[in-house]
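Inspection log for the structure reproduced underneath, given as structure tokens.
Chain nomenclature is as follows: A, B, C and D, assigned in order of appearance, with residue numbering initiated at 1 for each chain independently.
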Amino acid sequence: MSTGWNREEMAARAAQDIPDGSYVNLGIGIPELVAKFVPEGREFIYHTENGMLGMGPPPAEDERDLDLMNAGKKYVTAVPGAAYFHHADSFSMIRGGHIDVCVLGTMQVSANGDIANWSTGAPGAIPAVGGAMDLVQGVKHIFVITQHTTKTGEPKLVEHCSYPLTGPGVVSRIYTDLAVVDVTPAGFRVVELAPGITFEEVESKTGAPILPPG
Amino acid sequence: MSTGWNREEMAARAAQDIPDGSYVNLGIGIPELVAKFVPEGREFIYHTENGMLGMGPPPAEDERDLDLMNAGKKYVTAVPGAAYFHHADSFSMIRGGHIDVCVLGTMQVSANGDIANWSTGAPGAIPAVGGAMDLVQGVKHIFVITQHTTKTGEPKLVEHCSYPLTGPGVVSRIYTDLAVVDVTPAGFRVVELAPGITFEEVESKTGAPILPPG
Amino acid sequence: MIDKEYSSVASAIADIPDGATVMIGGFGASGNPIELIHALIDQGAKDLTVINNNTGNGEVGLAALIGNHQVRKMICSFPRSSQSRVFPELYKAGKIELELVPQGTLAERIRAAGAGIPAFFTPTTVGTILAEDKETRQFDGRTFVMEPWLKADFALIKCETADRLGNLTFNKTARNFNPLMCMAATTTIVQTGKLVARGDIDPERVITPGIFVNRIVEVSDPVHEDILIAEGRSYP
Amino acid sequence: MIDKEYSSVASAIADIPDGATVMIGGFGASGNPIELIHALIDQGAKDLTVINNNTGNGEVGLAALIGNHQVRKMICSFPRSSQSRVFPELYKAGKIELELVPQGTLAERIRAAGAGIPAFFTPTTVGTILAEDKETRQFDGRTFVMEPWLKADFALIKCETADRLGNLTFNKTARNFNPLMCMAATTTIVQTGKLVARGDIDPERVITPGIFVNRIVEVSDPVHEDILIAEGRSYP
């Protein structure tokens, strides 16, 4: 039976790949955990779409500032050296290529880096996109953290996304419970296997051709 | 011999037509004098392109702040309630139609409101436009203050501008030493004659058909 | 003398007509002009087009305005909320329209309206179904979509401090869309926690210069959406 | 730890190569990074394209850089100055190129570069000779011209206060083009009157967030163009 990485380990593994001094935007869910695993000696500055650089951890409940929230609508704090700005300036940072790394969750990623993480396209579903399409087109490096398969065992790394795209050809690296996978001109390539995981297992759970490490 | 209005009187006459509470941008030269003749009970807020609302009069020489200049590169002061901003915000105010009145000098104005005040078009002249083209396209009401004729007696109110345009069809009212003239769908129309000036004199010194008052 | 003060939220919003397009500041529960919105519920204008990043939370503020059937169409980036069923139910029943705009494009379209820019190009939505009806164009070998400005008749804004000229400051992330919407509406109506004298705001600290503001009303102890929701409140 | 500090103006601008496009902040005599410009004169990079609203005054700062034959092309709105003959003489001799851009379009093109907007539409220049080669288009029955973004390899910036993360504040109208140019250059180099610790600038008071700044050098007693000119100074 495989062991692989749990949510924290996936986040910690992703954090290893973010250089010191990076400006980072973290999506909701597992990506948020990256902030807990900043490697020794490095510092990341967190951007939140609703108008802040230098976002800090959540406050104690009795120390909340009701006017200090993040893009996930959770209460947060500000680190020394933070800055506030309006939404147009905030998305200028995103669209203008000033944010170094964005870590996102996803529903599907394709072998050419397409990402689908905003809509199932199901009839009757209420579409809601937020800042996802701005982020994937604007940020320099798009990292994805996701379980390798859905709860029902369907691959999330696929040949072509069946869900509506958030953006085409934008993802550079994927962190799953089983492996670190790069999107390369030749398609998916495993960079690193989680402890106890074989390449064959990763290959069998991936919905597209995938190259072994090395 | 005609008497007409002098520079101060032209500026004072223009000031009469600016409503209380207007946001006003004043061009270099005679237009600057408008600020000396704000009618009793009214207040104008002055905008300067280089990033300030609430520009005040020039300071005493020994009270200059070297970082507080206007668009004409002269030292100015700030009134209570002033605000500083960068150039993109400043020209958003202009281009976005937020400035109520701009008073400009000119070389020529045509009967359909074209203005030419940035270049003689002479070969070898160094072109320099500054913010003139932004102002004439963006500000709600473009007023012009000018001598009715050039120093050599050529009309400045003309059928068609011979100099390169700053903007087409933008001027609404003209204050000269001889008269106040509106640009109407039917062409120039005298609104008011300066003391001692006859309509016939204005007509003879205007390079296009001009309608009498009334 | 310039004085943009209004004595009550009711008088400040009294002339918003049926069918108006209204921008409402705020993001999530912060920076929302709840008192102005509730005054608009009391006033009763109908068939509104409302521009806000979301569709409100709980049964107060924007969610209550929608729930009161005053909104014909929402223009927003994220109409879902874990805290409100008001919009989803009306939407599924076909009783409210939705124009979905990505958050950064929404912000930039509003800024463009304020800045006199009728259209601009952005990479956002390229290659997605949200770009299907949009004009695209190549610049420097990359594809971009053209987006138009987004104007409004009125903007309802919340700020922290205002002076009588309409100079505004905001508190932390309650700034969000508020300064942009001030620029983009014909009539900008601001509720301020504190109304101060002219000159009491440092000119370097002004976020929204008064030129973008038409009416100011002091609401000195504004409610907060999250508190109202925690208390189980609804409006009216 | 993030620390963008450089120990000298010379080291901060050392790698600007021949042929680089360089934005230089300032308007008239205020907000000009004179010490950085003089360091660039000492460094000697040639064939530069320089973006500034003007072409400098007297024989110091930008005028001196131009006079030292380091600038191949100027992109600016107003290349005349009552206080300098340097640019006009070179221009009339055919030794320097000029791209004339209206001031508001210049500001917006720089902002567009920083904001990832490759082009936008503006009414400025419509119906004039400056629009002759430009694409035009109707929106809402009015004609607009399309303008492209304007990027640079380097920006030379002057600010009042900076912290080690690169958060900046400016003094009064010395702000002008500086915050926009910070956004639009690959490498933004800032001279600051005061370098303070992280956290010493109020987050509400930050004009340029550190994300737009790469290098900071403290120049604690900066010269002012008008003073240098009054003293009859020239550089080098």
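Throughout what follows, a residue touches a chain if its C-beta (ideal position, glycine included) is under 8 Å from a C-beta of that chain, and two chains touch if they have at least 3 such contacts.
Since the structure is predicted, the reported quantities are computational estimates derived from the model, not experimental observations.
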{"item": "Winner on C-beta contact pairs when B-D is weighed against A-D", "value": "B-D"}
{"item": "Most distant chain from chain A, judged by the mean position of its C-alpha atoms", "value": "B"}
{"item": "Inter-chain centre distance, chain A versus chain B - centres from mean C-alpha coordinates, in Å", "value": "55"}
{"item": "Cα-centroid distance, chain B relative to chain D, in whole angstrom", "value": "29"}
{"item": "Separation of chain C from chain D, taking each centre as the mean of its C-alpha atoms, in whole Å", "value": "34"}
{"item": "Where chain B touches two or more other chains, by residue", "value": "52, 78, 84-85, 88, 91, 94-95, 138"}
{"item": "Per-residue multi-chain contacts in chain C, two or more chains", "value": "108, 111, 115-117, 122-123, 170-172, 203-204"}
{"item": "Chain-level touch network, classified as line, ring, star, complete or other", "value": "other"}
{"item": "Pairs of chains, among all present, that meet the touch criterion", "value": "A-C, A-D, B-C, B-D, C-D"}
{"item": "Residues of chain B touching chain C in the complex", "value": "20-21, 23, 43, 45, 47, 52-54, 78, 80-85, 88-89, 91-99, 138"}
{"item": "Residues of chain C that touch chain A when the two form their complex", "value": "27-31, 53, 77-80, 87-88, 91-92, 98, 100, 102-108, 110-111, 122-130, 170-180, 207, 224, 226-227"}
{"item": "Footprint of chain C on chain D - complex, ascending", "value": "108, 112, 115-123, 137, 139-140, 142, 144, 148, 169-172, 203-205"}
{"item": "Touching residues on chain A, where the partner in the complex is chain C", "value": "48-52, 65-71, 73, 78, 84-88, 90-91, 94-95, 114, 124, 126-134, 137-138, 164-169"}
{"item": "Interface residues, chain D side, partner chain A - complex", "value": "1-2, 111, 113-117, 163-165, 167, 183, 198-199, 201, 203-204, 206, 209-212"}
